[in-house]
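Below, chain A partners chain B and then partners chain C, in two separate complexes.
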Partner chain A sequence: MAGFADLSLPQGLDKKSLQSLLEAAAHLGYSAVALNHVVDFKEKKQEIVKPVSPSELFPSLPIVQGTSKRIKVLTRLTLVVSDPSHCNLLRSTSANIRLYDIIAVFPKTEKLFHIACTTLDVDLVCINVTEKLPFYFRRPPVNMAIDRGIYFELLYSPAIKDSTMRRYTISNAISLMQICKGKNIVISSAAERPLELRGPYDVANLGLLFGLSESEAKAAVSTNCRATILHGETRKSACGVVYTVKKPRKVEEEETPLPACKKAKTQA
Partner chain B sequence: MEPPAVPAATFERRVVRSGAEHHYLRVRLELPDGGARPNVAQFKQLVVSALRELHGEVGAALPVDVLTYEEKTLSAILRVISSGLVKLWSALTLLGFYQNRRCAFRVLQVKPCGGWTASPVCQFSL
Partner chain C sequence: MSMPVPPLRRLHQVPRHLLVCEKGHLRHPRSRHAAHVRDHAYSCRVSFLIPECGILPEVLKSTIADVGEYYLVRNLSVHELVAHEFIDAFVKKGSCYALTYNTKIDQDNTAALLPNGKLMLSVDKDTYEELGLQGHPSRYSGKKVMRYIITIDLTDSGFHPDSKKHKRVLWALKEKKPLKFDFLLAWYNTGAEGSTLMSYFSKNQIKALKPKITISTLRDLQCPVLQSNELHGKPEESCSTEELFEWLGAVWNQVSLDNKSSSFLSTYCCPQPNTVVEKAFLCTITGFIIPEKIIQLLEQLCCYFGEPKLAYWLTLTVHGFADSPVSWRESEHGFHKGGENLYNFVIFRNLDYWLQMAVGTNDDCPP
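Take a look at the complex of A and B:
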């Protein structure tokens, strides 16, 4: 069974609170977490910096409760895009982007949601939970994203903090479930404190509240997270494969200048 | 000579279709600041208010019993009817504050009924 993973822990905190967050996550049973670096293009002069290597930040990683392995820490980049020109950064082969394990995009308009689902090379599409969605989900881009292996991410820690956010979270989640039928969902926290983290089975139960079935809810915390991580890894490997196949050629028929399609008919 | 006939093995299969009537949750409230700890009445009130916040009056009317409560460790065993398990569990998960202090409910074990030796859902050590 795939281990549980929480794919969104904010990176901008100091080292001590990050360490306590990691220990809380390991104690709750998460096998992998991702440190999220958010880049918002509305502010001026945003540069993609190199991701901080987890081995530098944490000399010793805590052991996951229930297993004997240490917790795995990945790096993740989230791009908040509100304008189509912001997506150009993803198309360019910027060296720093390739260093992140997972790339997520947070579209703010319907057109950008469509672009993110159909053409952009990302692993996760974040769904806004802190305000009412400015657009409705439509089936074609969502189905294309599911075919491409892109997952939709929902956050649950705003729901813990504030009751208005709770309503938006649940309503946005339910409208997403109606379109995607529960496939390709990842639920993660954006917890800034260890107290905002919840155990993996608790989060799976929250999935039931959003309208997922039991198996889909459990997959949202385990299997789909692992698939996202693997999707990110495939981006780091080869972009395309060219292979050659030796085609047998008959020597006697070479001089006739027939096109290949007619040659096949006469050969039979 | 034929060996003596062995009687065919018989077994009886009983299928319980009603399922578990109640679910039992072992929970622990994490309250890291050194303030006053809730007693059992306040704990029950906290659970009911969490249900009311998330599921409204219908949720608050759900029959939940606090079977055991330890004030020192803030751990308790709750009993709820099986149809209300998802509501109670989600209400406890999304609870963030107790008297304006940050807190978190950790659900340690969920059992359909009976003993605590085997849990189909999860087992965590305290």
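Take a look at the complex of A and C:
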């Protein structure tokens, strides 16, 4: 049981609305949120910009209700891909991509869904909830994604805004559940206003509607989000085990002279 | 493609919860009512309801006012609770209770000190792996264990200042992974002289707090008719314990009991058979209340029936903290969608009692 997290808050808003969104999230009990920067390749070629550092945007973060810790703000990048050539950006070692904490991909065709689940180096695969799925989920790519530690993301704020989208959200979610059996699901809002945010226990209840069990639904808002964030952190390390940190340069001290034979051993 | 359990069927299932009912007599030599109260260490709210009572007798008033204060210490490191000065001054002389404040049992690390000298730490996976102390996985954590419980017995004979155990625990809590929380503290002194909690923690920001008391009187309340020897109720004659439990919840939450057609909030009706009492006295004490004080209050409520009274029964309800790591004795307590762990006494005129103990989803059956 980890802290609750909401991994999708839109970044493109002005500072004041973002601040009110953050306060609403902290008041509802979320310990971590991720600011989502969406890049859509259908439009003209877009550059991937460096993520905005949360400490610059928000001088003081609100305290999570019921605890004495401050809310954590992460950065996330979502790539909307509708053509295989768009994935090349992920394969290239672009410096800016590495600066984001979480990387998500939104595939629009079945082939791209297969590629995202099996080969792409991402943390989240977004599932379309605003329109009828253009393709059916199949077991092999979904199982491969679960093995690789990739999570599937469902959004719930479109369901709050419009009743047609509510039907699509539930039907798409249920068809996903039949294949993945409730594993590796993350539910997040894409709330643009504080009113579209819902508390974590309510979102867990929404998971019950999608067909998750009680423990799976609660994990979709807490444990699975923590796993996604850790999966994103492993991208910044070697094999998920070794980290490199820039050490401040210290003035080198005089080394005590070691006996000659000992020095030879250490150099071997 | 094989169909799993149809998703909608799960919607009809409610989260698991348990209600245990017990019957006894308060003056019976082997009555276990005091033991049950003592086993439930942390209570945040004590409330009692006396039908047909307008003004409280003086004895009860003074008992309520005497419930005793508790202390809130900010930013206290856990290793200070393991220090031998603390153990000798407070844990071994009397009953010391400590519980972390403002921590959620399903999200953060929590610590609790039980009166029998056991320190329970309920930590998440990362903290457990960094801390390095021996513990066991939580029972409510599922296949991928996310929560561990570490129990340290402070009164163990093998825990003296020079032992390896003590050194390891101190090293883990002081240097390896220092844990700091806001603690709620209370100490029941069995008469021994010594320092008080205020003076011991004067370096930290310790504050003494008194429990909050709210009193109200309800008029024309519908009360169910109960018979002390009929736990399950007799049709047309008395109500069962489950019906009483629901009715009590409705009264405390100010839900109307008459199923008015204009009300969209609730269709709850007072169970039949019921009588209408002219007035009823409600009192709630909120704070960090220790079991010894609850036993005193229970005794005084028994003495209420020493003189002839109109009421046939009265109730005393005690709520535990939703975020405490233990419910009764050392059974683990978890928070799934709700963290209730409460018990309710119904005391009859003839000093029979009903005891109902209720827990939520991630909890063991109460004793």
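Heads up, the rule we're going with is that the second predicted complex is superposed on the first by the 238 of 268 C-alpha atoms of A that agree within 3 Å, B and C clash if a C-alpha of one lies under 4 Å from a C-alpha of the other, contacts with A are read in each partner's own complex, and residues count from 1 in each chain.
Going forward, contacts are C-beta pairs under 8 Å (C-beta built on N, C-alpha and C of every residue); 3 or more make two chains touch, one makes a residue touch a chain.
Note that this is a predicted model, so its numbers are computed, not measured.
*Asks:* So, does A:201 touch the first partner chain B, the second partner chain C, both, or neither?
*Replies:* A:201 sits against chain B and chain C alike.
*Asks:* Of the partners chain B and chain C, which touch A:209 in the superposed model: first, second, both, neither?
*Replies:* A:209: touches chain B and chain C.
*Asks:* Can A:3 be said to touch chain B (first), chain C (second), both, or neither?
*Replies:* second
*Asks:* When the two structures are overlaid on chain A, which partner does A:68 contact: first (chain B), second (chain C), both, or neither?
*Replies:* Second partner only, chain C.
*Asks:* Please indicate which partner A:52 is in contact with in the superposed arrangement: first for chain B, second for chain C, both, or neither.
*Replies:* neither
*Asks:* Quick check on my understanding: which residues of chain A belong to both its chain B contact set and its chain C contact set?
*Replies:* Dual-contact residues (chain A): 66, 201, 205, 208-209.
*Asks:* Mind listing the chain C positions that touch chain A in their complex?
*Replies:* Residues of chain C touching chain A: 1, 3-4, 7, 10-11, 15, 102-104, 106-108, 124, 141-142, 144, 146-147, 182, 336-337, 361.
*Asks:* Please name which positions on chain A make contact with chain B in the complex.
*Replies:* Residues of chain A touching chain B: 28-29, 65-66, 156, 159-161, 163, 166, 193, 195-199, 201-203, 205-206, 208-209.
*Asks:* Can you list the chain B residues touching chain A in their complex?
*Replies:* Touching chain A: residues 30, 32, 53-54, 86, 89-90, 92-96, 102-104, 106-107, 110, 121-122, 124-125 of chain B.
*Asks:* What residues of chain A sit close enough to touch chain C in their complex?
*Replies:* 1-4, 31, 66-69, 174, 177-178, 181, 201, 204-205, 208-211, 213-215, 218-219, 222-223
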